[in-house]
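Paired with chain B in one complex and with chain C in the other, chain A is shared by the two complexes that follow.
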Partner chain A sequence: MSTESSAAIGSVEGVSLYDVDHPAPVIEPPRKRTGKTPKGSRTNFEMYAWLFMRLSGIVLVVLVLGHLLIQLVLDGGVSKIGFAFVAGRWASPFWQVWDLAMLWLAMLHGANGLRTVINDYAERDNTRFWLKMLLYTATVFTVLLGTLVIFTFDPNIR
Partner chain B sequence: MATPTMDKVGTDPSASPASPYITVTFRIRRFNPEVSDEAQWQDFQIEIDPKERVLDALHKIKWDVDGTLTFRRSCAHGICGSDAMRINGKNRLACKTLIKDINPEKPITVEAIKGLTVLKDLVVDMDPFFQAYRDVMPFLITKGNEPTRERLQSAEDRERFDDTTKCILCAACTSSCPVFWNDGQYFGPAAIVNAHRFIFDSRDEGGEQRLEILNDRDGVWRCRTTFNCTDACPRGIEVTKAIQEVKRALITRRF
Partner chain C sequence: MPAGTLYRGREGMWSWVAHRVTGVLIFFFLFVHVLDTALVRVSPEAYDDVVATYKTPIVALLEYGLVAAILFHALNGLRIVAVDFWAKGPRYQKQMLWSVVGVWVVLMVGALYPVLGHAVREVFGS
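Entry: the complex of A and B
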């Protein structure tokens, strides 16, 4: 029976910094559960967010694929897109509603996905808070700006 | 490795032609805070029958080669759930893993399960795991007076949660979950499995309370359906399915 020690464990230049009375700090995982872990908020928010991801995803498949087909494939492809093309489409309430629904669903779907990523990967409470604030600000700004443009679009602007 | 004994004889000149023993390298992740603040891989070469289990190899190392190797085991027969560890990158019970099944021609890596504090070598601090278990109230909750005889249950009602009664709390599932690795405040698969065992028990009346607990920020909605837990479970519990059933129960009870 042979042993093959790759290296003597922990001896730093022959002298160990740690011993029985002064053990090294153990390697702890981020954010472990303790008896003091905050108890629940007793709301259904997480469930609604989970459901929203599934439902908006289904609707977005139709909206986005239809959008890409019209914009990039049919009728001359991407070269036809210009101010006049957009103005012509937004003259119809149907396309206004289509684009509005796509804007809101895609933005909220993406924002909720990023919120999940932040919850999963940000370790410190402060980091979580500020990343989420940045995310929410960017989302609200984009959604409001897009909505404003769709509703106040003026085809006669010079 | 269909016929390991005959194949490997040539590699070990000291063994007689009939010897079942082969030489296997175990690459074990060692950590001892009394010596170093860093974990290191250490190789052990031992001669062992490939039909033995990884736990037997660990015993052989601890008893014959290096007595400082530290790991947990109690029953050594897949019931107590003490010896879950990461063997060749996958969570398994050392006492249920045969060496011939995990390609002994290459070094076999053994390390502590992930996502929990390593205390020494393969021993982790299970407190956060059991805290999540306690938080889902894994005990019978009833209202009213106790009946004078047993609480009877039909075979179909018992069948409903049969799968999740098999859990041995070894933490193989929870410590294989990528959400748990990054955020240990997630309840984790094992706690949800044990909540499932009571939520779907016809004799229990605390289901609504448990669903409320699992409806929260660290509850079932954090599950990303990666199926790591189902793959890891040494008892073959369909863990992801159980989590899915809790999600469905929440949705159908709220609407």
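Entry: the complex of A and C
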């Protein structure tokens, strides 16, 4: 039996050192989570971040290219943009939802992208930590400000 | 950072570099763009004043650059999705990059007149 299986392995590998009575040592998977695994890598956060980049990216292609077409190409391009133009578009809930979705997805997509860039290039722990704090602060501020502007927009402000 | 490596990559590495650079540029613009749009909550005049700078010839050039960055990031992003989720994606990544570049060039030529036309008229008259 053992000669048969070693023959099946082939002449290059030669006779196997291991059989039922002498099993090969168990090699632990290199990325197995153990008690020593740092807290930050015990969840699937990075996998969900990776997936989010792809899904939000596909939606953003439609939202952002549509936005560019309306703002910079159609109907006179950038020349027609002004308070009145914004008021006209945000009178419709469709464009409010469009802009809100674009704001949230683009900010989160961009923030996660910059988080990756900071993690890659900032080598000192302190630098990395504070750059990310700055990034998260700016992101929360921008998302909240933009959301507030869309929801509280008043065409009769003056 | 590792000093002086000989590795200079090929299409895969350079598209990765371009994707990073355009992504960072777009993020910084987005931050400024939300701030300038927030001026609609201050007054119509404040908003129109700032938007007036967006209509000057020099900023029109910057807008063309922004369109270039966004179009590349969008098209190459779709290529990355294809590489990750389509079984044959990795095998065709190079061909897909050159398709991205091709579509990008066509769209950039198409954007010339809409984005820069008014700036050319302003600089050269009529």
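FYI, the second predicted complex is superposed on the first by the 117 of 158 C-alpha atoms of A that agree within 3 Å, B and C clash if a C-alpha of one lies under 4 Å from a C-alpha of the other, contacts with A are read in each partner's own complex, and residues count from 1 in each chain.
Here, contacts are C-beta pairs under 8 Å (C-beta built on N, C-alpha and C of every residue); 3 or more make two chains touch, one makes a residue touch a chain.
The shown structure was predicted, so the numbers you read here are calculated from the model rather than taken from an experiment.
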* Looking at the overlay, what does A:Leu60 touch: chain B (first), chain C (second), both, or neither? -> second
* To do: Considering only touches as defined above, state whether A:Asp125 meets chain B (first), chain C (second), both or neither.
  => neither
* Asked: Between chain B (first) and chain C (second), which, if any, makes contact with A:Gly146: first, second, both or neither?
  -> second
* Which of chain B and chain C A:Ala138 touches, first, second, both or neither -> second
* Touch check for A:Gly35: first (chain B), second (chain C), both, or neither? -> first
* Set intersection of chain A contacts, chain C complex versus chain B complex -> 121, 123
* Could you please specify the touching residues of chain B with respect to chain A in the complex? => 25, 30-47, 64-66, 114-119, 125, 127-128, 131-132, 135, 179, 181-185, 187, 212-213, 215-219, 221-222, 247, 250-251, 254
* **chain A contact footprint on chain C (complex, rising order)** => 1, 20, 23-24, 26-27, 30-31, 34-35, 37-38, 40-41, 43-45, 47-48, 51, 54-55, 60, 63, 67, 70-71, 74, 77-78, 80-81, 84-85, 111, 114-115, 117-118
* Asked: So in the complex, which bits of chain A are touching chain C?
  -> 54, 57-58, 60-61, 64-65, 68, 72-73, 77-79, 81-84, 86, 103, 106-107, 110-111, 113-114, 117, 121, 123, 138, 142, 145-146, 148-149, 152-154, 157-158
* To do: Report the residues of chain A in contact with chain B in the complex, numbered from low to high.
  => 1-7, 9-12, 16-20, 23-35, 37, 40-42, 44, 46-47, 49-51, 119-121, 123
